[in-house]
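Pasting the structures in now, so scroll down.
Shared between the two complexes below is subunit A, which pairs with subunit B and subunit C, respectively.
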Partner chain A sequence: MSLRDVLSPFTAWKHVIDDPVTIKDPFNRPGADRYRGFHQNDMDKCIGCGSCEEICQNAAIDMVPVEGQHAGPGDSGLRPMIDYGRCCWCALCVDVCMTGSLTMSNEYTWVDSDPDAFRFVPGADGKSWDLDVKGYQREDVRRLTGTTRAPMGEMPAEERIGNFCEIVDGFTPEQAVIEADRCVECGLCVATCPAHMDIPDYIAKVRDGDFEGGLRLLYETNPFSQACGRICTHKCETTCAAMHEGDTIAIRWLKRAITDSVPRERYFDLIRKPDVPETGQKIAIIGAGPAGLTTAYDLARAGHKVVVFEALDKPGGMMRYGIPEYRLPYDVLDHEISVIEAMGVEIRCNMRVGKEISIDQLKTAYDAVVLSIGLHQGRSTRVPGSEKAEAAIDLLRRITAGEEVPVPEQVAVIGGGNVAMDIARSMARLQKIIYGTVGVTVTALEELDRFLADREEIEEAQEEGCVIYPARGPQEITVAGDTVTGLRTWKVKAIFDEEGRFAPKYDETDEMIHPAGMVVEAIGQMSDISLLGADLTEQLEWNRGRIMIDSEGQTSEPWLWAAGDVTSGPDVIHAVADGHRVARSVGKMLAAKREKLQ
Partner chain B sequence: MFSFKPDRSQYPAPGPDGKLEVDLETGKYLKLWHGPNHPGITGNMSVELTVCGDEVVEGKTHVGYLHRGFEKLMERRTFIQVFPIVCRVCVPEPDFNEYCYAAAVEELAGIEVPEMASWIRTLILEMGRFNSYMMAMGGISGALGLGVVGQWMTYVRDIMLDRFEELTGARIYHMFILPGGVRAHLPEGFEARMEEVLQTAERYLADAENLMFKSSVFKTRTQGVGVIDPALFERFGVTGPNARAGGVAKDVRKDSPYLVYDQLEFTVHTEEASDIYARTLVRYKDLLETIQLIRQILRKMPKEGEVMTNLPNVLHWKIPRGETYIKGESSRGEYGYYLVTDGTGYPRRVNVRGPSYTHAMALLEHLIPGTNISDVAALMVSLHTYPPEIER
Partner chain C sequence: MREILYRLKDRYHLGTPTFQRTDLCFVTVRRDEIRAILTELRDMEGFTHLTFLTAVDWIEEQLFQLTYMVNNREANLSLGLRVLLDREDATGDTIHDLWPTAATYQRELREMFGIKFPGSPRVDEEFILEGWTDLPPYRRDFDTLAYSQQTYNDRPGRVTHDPKTHMQKTLYPSYPKGAK
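And then the complex of A and B:
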């Protein structure tokens, strides 16, 4: 202890004249640039997926309806309401936000005497900090849920063009689990799927490796899960929350992963007919396509006797005769249909209604009749020479049936939809097998980015050597004697007039001749309704060439329902949804009938 | 010449077992509650003192005022949802919880953290250590009546909190070290602003040195008081500055380096006396070491690089069965997280090993008998304990 030890504490006195270091007015002290203050939410960007609600460990977030926000494709219409009595400002909600709509301002002081004021919907209940640019935002991309799709094997173009083998390998179970992990279970896809499949639930089953459980779930809503796992137009993926900052979840391939992972014989154990009493009521279904067979599946499981009349050799409808084998192998379809048959559905092939049996006979012998005949007649461009053109749908059917199909070295296809791509790619394969080269030209009225075909169909067709000429309108199918020599097209200036009606305008100076030994028209199909007969056609109500039905699928005749492409379209999953709807309606009518008899 | 030693001869001598016989009926003894609301207590805990005159005969520690059941709460949260909770286990130095939990999850889930994130994590831990020591220095001064040092330290801590705020987005619960990395890069101009804070800190610490280590009052009140016999270190699990003040150069950063400590140069300071003075001096020297470490980190860290890795979907994140113990050197000693996973989406068990548990309960009870009432607060603060950490 020294004198210095006594004196040195007095050095503190040098601070006696210093200003105080305290902040005089804390209310006017701005938070740091990335301060985690009150939330902001971009109402237009938010899709109401509820990931923020899901991750919040304080249960401070509730998804609530908000005035002016409407549910629609890809938007639940709900928005997060935050209770600041519970919020701990951890910002996990911001980090997990699928669209990046939810951020935090750097505003952290707010005084209000009403405690309820601290529970509000950011973005909807206007606050002074709504437009603040400062505050917490996640640094770059979403890191808390995967953004990149799991890889999947696919046959390279040069290999697949020489055969009709299936192109994509499908996910292995391991790949499927990785992909399923990315799903945030928002359920926006369920609302979008026409059949409202339990998508997040079956994806959860994949994640858990419970493929059999997943299969049971699939068949609750879709007896064509194997087909849809391959060729569904996957509308669900167009509203997937994951698409906003990354790849959409491969919902279709996950469905396929489930169906591929379960051994085929196990299907019959897992998907059993429910133990219900037989009703003794009989239903005739015309057309063994997805709509008809879905109706049959549902009605047979409800204890009714169902007979399906199919005009062609084999059941499956457009799935078999329209979709090429490289997209949907026939053995998959055969197995799919055998599961439906195991429910007690009887399918009578080569029974063309209107020929082998009349619709009146069906009306008399059955309690109800369902018309699901699809669209099996090709439309024509009606340009000069079009009588020499082939119809795509007809050619596809002949290829499937194994009939002889002429394969010239050059083929021109008119149309930009999936059917056009199907026939172009099928003909390309046949050419490759015969000549070793591909000579397919596809022309369509639309610009490439407006084609109706799926993006991947277009890309794969190009990879396989098909040459696509967008925005070209057919003018003539050139013919020399009896032989088609090519297709003459003009550049399209506009497809629709000012009022939105179909009225293509061409630039006549920009003419092209696409040499071809065959021109295929793939510009749409229509139903062959000759089976109805003149009387019934007269009695039924029609809507722009299609049979008019009510909201449940019933026609103006009390015994006749219609489902599938014949009324709506345009794909398998819509047909399945339609099948369920009609089955419900028919079931209701049959129940009422039974009640009356008792 | 300047001896302020109190005359303790008038108090009864302890028995052969070192304890006094306490008979409240005699009227010689008095029960006195020290805390839970007392400026000399670091947080909410209390010590039930039995005093004879102004000498403490016995002290029983009472905790539970802050119990919120964190460890149990964590078992009911998904792995990502635990992240906002852990920081609350220790208020003045929350970052250790974030780091230990994140590192434990990363180890069991097999996640690699980008190098940049490791540097920023180290920076944050040192900033947290800085703040924690500031609190300790201020606390010990306050407990001895040197209020002005407490105010200086609080001010310096406050401007460091400004740096925390601009880096992490929050002042107290930073919630910045996520499993997988950290949330963001350093903001622009951060280094310069940090340097200002460090220089201010050095100025105030030099002033504080005059008031503490060069002050006869401080020396008299702390030297030879609250001595922990180094032989007790093992028995009571004493680590960190409390052990270093007794000559044991224990420091997890040196003994089993984590993050980027193997790339940093620093000295582990020790003292021999093992009393309040030595413990405070070790903290003071360590604080200066921390200041140079922060400078070193900012100088050596890479200028760019990813700060966060992509995690699996955290909404249903399952971690394979396993267990791990992650430890680090906090300002108070070895700090660790023991995490057990069972393959589900929730931790099976999270156990927080905080140095306060051993230091503030058993050790304090052992040290208290024989001290003067006025020394109890200083003794407690000199152990540098944080009650929330005792009551996970």
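And then the complex of A and C:
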């Protein structure tokens, strides 16, 4: 034994005056900073998507209604209730939480003789640790669900501007599966979709590569899934749980991926008319747009005879004559409508009600009539010279119909909605084809971020060379002799007055002249209701210039229903939802009529 | 590190090394060579410390991967050796004679993955699971949720709500959904 071995134990004495490293009060010692203790949940941030319940491997979480939380856009109103008798504190729920609302405090000591006290809703049932800062929070290095949208191929502006070819490539099946894999299938989007499509269910089909099963699901709620997969206003994506901490799921493109992946001839095998007896009852539908044809689809599948009267050359309504081909190719629409016709729906084109046949004749010959005539008349600004202006909707129809339209080198468009972008971009294409350059200016009352048009429409229009002047109010369409020379605008100071009424105020000193050989008004549309005739117009009840309908789409006349843009709007998916509602209402009336006869 | 791998490469079958850092490298080796390589690393190359021995379940490939992490303290180098085993009746070669602590790791792997290590001391005794009769729980085909539901009772009165259905009931009960 060396001297060092004898002395070294005494070196410990030098610590005798140090603070002890042990805990003085072991009964009140805090957990470690990142300890996984009882949960905290920020009630305002939580959206009730239930991903925590879904991932819990101990079935410890229930989603329950909570006082003060209500279902609404992007929030189910439910909140997680945790059973701490089952919770193993693994924190998978915190890791998967779509908003980051769910965290864990470092509090873990709590004694109670009532076992049910350990079942509660964190954040709603107040606890002493609710505001504790310490505890487990997601590290945010990686996420269990991907946060980035699968990329979408698109024709670049310089390639697409000289033609009307479809711009968006659509997902390949492989890309679609990757994108679908990000969806947590919470279903918050379903409430936002006007037609309440089974979004998580068809996304699950994409993820499993079962595109045919997906197509069947789509047709249960929407016979215009091909169109909607391309041009839907996709409000569903504004309430997607994924938007809180990443890109929303590309719901619209996934829908399109399903419809693109199934060969066209297979549609007729997958979407079959149900085997139901013919009722012998007949329905006339006026207007072959999305609302009318959805009604027709439902009613034909229920065994009724349906005839659709269409004033124009071809069916499709605004989807054909409003939406340009580069957003929705005509062959897609033709195929979509052929599936509806395969249900036995008869579409008679070039049959303008009020001209070739009267509405009274329809009333007599059919058990019910559905009015789905859309909004095909452009509204006018009524500024001086506006009688020389073109209506956007009229121009779009003529372009689709292949009619010759005048294409001056400079065009000014009034309006900031999707129709304004559609006509601006269509005219830009025609100019490019004729002159090799684009000369389109778009003016609208709103600031750019308040435009009604979809963001991507605005961006794509700008990419294609359309110049946008926001917050400009039209004052005059300048004319020299018989020809339009331009548009005079003032800067907009305010669009609405204090009471919120439309009353634009202008800065008269800020005047601009936009030179143009054509001015197009795209400030809204209205219905051409002349087909109703004076008597029926008088009989019907009206609401601010629109036909009044009940919640099921029935007018004040027992034989007449109305659906689509003519009563509600503003897009295809609302029209589809209307169509379903009206079809059910008409179906109920027809069933009652059959019962009476028996 | 590279020199060590060059020296080993002449006599053993090494896969392509993955350098996570300059002082941390992973390399796949053959099962019948792992004991020889570990012995050489320990006795000739200074890797005296077995940091851990663990496994990964590559269920899609029907393989288990053993990872032996050894460390050279003097040179501050860590080397991970991977060995792939058939998942069916998976059996590894015990290394408790090289590092006595390996017996504990092997006992754990036997319990959590069901990987056998014949000859390892007390390897078939329970490690942390008592009276376990189900699939080894770290196997990916073990259904944690189903096990939990079978094994543990719920508190009475538990009810849950599906967000989609709940929203349908509260926000749009009259929409004709599923009526078609």
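In the analysis below, the second predicted complex is superposed on the first by the 569 of 598 C-alpha atoms of A that agree within 3 Å, B and C clash if a C-alpha of one lies under 4 Å from a C-alpha of the other, contacts with A are read in each partner's own complex, and residues count from 1 in each chain.
Throughout what follows, a residue touches a chain if its C-beta (ideal position, glycine included) is under 8 Å from a C-beta of that chain, and two chains touch if they have at least 3 such contacts.
Here the structure is a predicted model, which is why all the values come from computation and not from measurement.
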| item | value |
| --- | --- |
| Contacts of A:4 with subunit B and subunit C, given as first, second, both or neither | first |
| Partner chain in contact with A:119 - subunit B first, subunit C second, else both or neither | second |
| Partner chain(s) touched by A:260 [first = subunit B, second = subunit C, both, neither] | neither |
| First (subunit B), second (subunit C), both or neither touched by A:57 | both |
| Partner chain(s) touched by A:565 [first = subunit B, second = subunit C, both, neither] | neither |
| First, second, both or neither for A:83, with subunit B first and subunit C second | second |
| Subunit B versus subunit C as contact partner of A:107, first or second or both or neither | neither |
| First, second, both or neither for A:48, with subunit B first and subunit C second | second |
| Shared subunit A contacts, counted only where both subunit B and subunit C touch the same residue | 57-58 |
| Residues of subunit C that touch subunit A when the two form their complex | 144-145, 148-149, 152, 154-155, 158-164, 166-168, 170-172, 174-180 |
| For the subunit A and subunit C complex, residues of the former touching the latter | 48-50, 53, 56-59, 61-65, 70-72, 76-78, 83, 85-86, 115-116, 119, 186-188, 190-191, 196, 200, 220-221, 298, 301, 551, 577, 580-581, 583-584 |
| Of subunit B, residues touching subunit A in the complex | 1-3, 77-78, 80-85, 148, 155, 158, 162, 165-166, 168-170, 173, 175, 178, 180, 183-185, 187, 207, 210-211, 214-217, 219-220, 307-316 |
| Subunit A residues within the subunit B interface of the complex | 1, 4-6, 8-9, 11-12, 14-15, 21, 31-36, 51, 54-55, 57-58, 88-92, 95-96, 104, 136, 138-139, 143-147, 181-185, 204, 207 |
